[in-house]
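Next come two complexes built around chain A: one with chain B, the other with chain C.
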Partner chain A sequence: MRRGVWILEMAAAVVVAAALLVSGSRGFAASVEQAQTSSAEVKIDNFSFGPAALTVAAGTTVTWTNRDDIPHTVVSEDKVLKSKVLDTDEKFSFTFTKPGTYGYFCSIHPKMTGKVVVQ
Partner chain B sequence: MTKKVKDEILLDHNADGIDRRGFLKCMAWAGTGALCVMQGGVLKSYSLSRLSDLGASAATAGELSFVQISDSHMGFNKPANPDVAGTLKAAVDKINALSNAPEFLLHTGDISHLSKPEEFENVDQILKGTSKEVFFVPGEHDVLNDDGAQFRERYGKGAKGAGWYSFEKKGVHFIGLVNVMNLKAGGLGTLGHEQLEWLEDDVKHLKHSTPIVVFAHIPLWAVYPEWGWGTEDSAQALAYLKKFGSVTVLNGHIHQTMQKVEGNVTFHTAASTAFPQPQPGKADSPGPMKVPAEQLRSVLGITDVNYVRGQHALAVVDSSLA
Partner chain C sequence: MTSVAKVFDPGTVLLAKHAQHVVLVHFPIALFLAGVAFDWAGRWTRRKALAEAAYYNLLIAAASTLPVIATGLLAWQFQLEGQRLKGILLLHLVTGSASSVLVCAVWWQHFRARRQGAALPGYVRMVEGVAVVAVALTGHVGGFLSGVSGG
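== the complex of A and B ==
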């Protein structure tokens, strides 16, 4: 799992570096900075993800927070997303670099499903 | 007695889509004990307070007695029960006080809360207080982060696959199944193809008169699929058990006792030793239910199962920790 995230982080770094090169020559540094700092939140309450569907721009870091008295996970079937088990108040963050729809669920309580649409 | 049994039905799942095949009743008990006697596939159920009406000795004296405990969730420390070690010890005291000493224990999973080694170790130490052999199947809380490697190392030596196995005790065939691995988005508990094939082979050569006891964590019947309280491919497993005259299915996971009869199969879920969960659909989610501290032990419990050879009967007694 860590390796997967590391690879994605590397990929993100490469994308940002490439963007900086391009934007540096064109003077668009401000938009790159915005992409780097954008973030979004998903709260886990009462065995559900809120919001269950979230739309973000590529480069956004999404943070899930478990606010239940029971542990949950954030996992996609292809394992692109795979958090460790999150006990009460624990968080998991993932930076989405590629556009697409990322469906995910709690591998402990699979009735809990959600998705992140990256534009 | 039939009249009394009817009076005891608190919850009837007529709309769950399963109960069309013959006689089917479902009973939920919150905080009280129940004695169930199955004879020829018909379940008779009495609240513990009415044991005297039954002439209890006939049902509670048998050739094989064992206890099911479940969902000890060692490591849980939220308001619903800040002392799960204390309530597990109370369960041990209850077991040791049974007049008809059980031969062994079944633990139907969620031994730990977060699959931590010290949580498993703590449960093992407390259960040593019974001096009984304990047979385990994993709950979803026991296979976190490592796909169950730790569970298999600790409890699954000699088991197949993810930890399924069978054994014989006094002519009764026990089957421990694993339905908490490889869960799919939006789905229920899963046994999987490999385990189903093993099960078919495991029971192939048994006589039809052999009493069967199946135990697994998530219910093998659709208690409440909206909360994930069921198993996707349990129908296939039950099809392999159809030829047997007496099948008892013992589950945990839902932290409350329920019973149902379907043909020759009696389904039973056990109370948790840690914290109660709400009745199906009676809350926003199946999360831990906080009850007043003085009531907690009345909604936790153990299950005492008694088999009487020749009478085609299996008695299931739930008792609270109060």
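== the complex of A and C ==
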């Protein structure tokens, strides 16, 4: 009788461990996938970048979309970022591979500024 | 990166990114519109003083188109790195160029008439009207671009 209870307890423990292992590996796989395909978006609207400050992980691709009726650009002073003139609904993407703070502005409207912090 | 404009700092004013074009463009616009208004008023009232005022307004308007064109082209080359323009930027370039030519042409007609001591040809007023429309359109597009009007 006691032996049967012990076997049941062991079986339950194995099942729980297996379940934890499976769910953990799925979670890990999902997080790896997220890191590989991570992306972020910045909308340009009403003469401003939104969000003006964005924090992303290294390897993230950031896409700027011009939702304004006016052409804009996305340019950093060191020219790491340099888009062409973006008309309405046009996009510009850049993949940040190195950690750091990337400040940028619109060269047509230099008062428009933003930054991307890459961790 | 984010810079706060320092008021009364010459460096900030002179080295601001293409801000000179936006500032200077107001001179030919205002002077030309005033010149045409004085010219039409002088013709209407037959007062010589108004015709004189018209001439000097048109003279300085024509002269001030040069730095405006220069700063506009520099902004295109430096800020946009000379990339091919399209849409509203191209429209601004085309209307701005046409306006500059018309402003200078109107002044030239006035200059020639003064030098010859002759009356202005009748078509000059029509050219002035066309130029006023072109200047207004250029100013509107420029204001739209800069976010001053309709942005």
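Note that in this section the second predicted complex is superposed on the first by the 85 of 119 C-alpha atoms of A that agree within 3 Å, B and C clash if a C-alpha of one lies under 4 Å from a C-alpha of the other, contacts with A are read in each partner's own complex, and residues count from 1 in each chain.
Keep in mind that, in the parts below, a residue touches a chain if its C-beta (ideal position, glycine included) is under 8 Å from a C-beta of that chain, and two chains touch if they have at least 3 such contacts.
A quick note: this is a predicted structure, and the numbers were derived from the prediction, not measured.
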Do chain B and chain C fit side by side on chain A in the superposed arrangement, or is it a clash? clash
Using the touch definition from the top, say if A:109 reaches chain B (first), chain C (second), both or neither. both
Does chain B (first) or chain C (second) touch A:48, or do both, or does neither? first
Residue range of chain B overlapping chain C upon superposition on chain A, of 43-51, 79-87 or 295-303: 295-303
Under the contact definition given at the top, report the residues of chain A touching chain B in one complex and chain C in the other. 46-47, 68-71, 73, 77, 84-85, 87, 103-105, 107-110, 113
Given the complex with chain C, which residues does chain A contribute to the contact? 46-47, 68-71, 73, 76-77, 82, 84-85, 87, 103-105, 107-110, 113, 115
Looking at the complex, which residues from chain B come into contact with chain A? 78-80, 113-115, 140-141, 144-145, 183-188, 226-228, 284-288
Help me check something: in the complex, which residues belonging to chain C touch chain A? 1-2, 16-19, 79-81, 83, 85-89, 144-147, 150-151
Given the complex, residues on chain A that touch chain B span 46-48, 68-71, 73, 77, 84-85, 87-88, 103-105, 107-111, 113
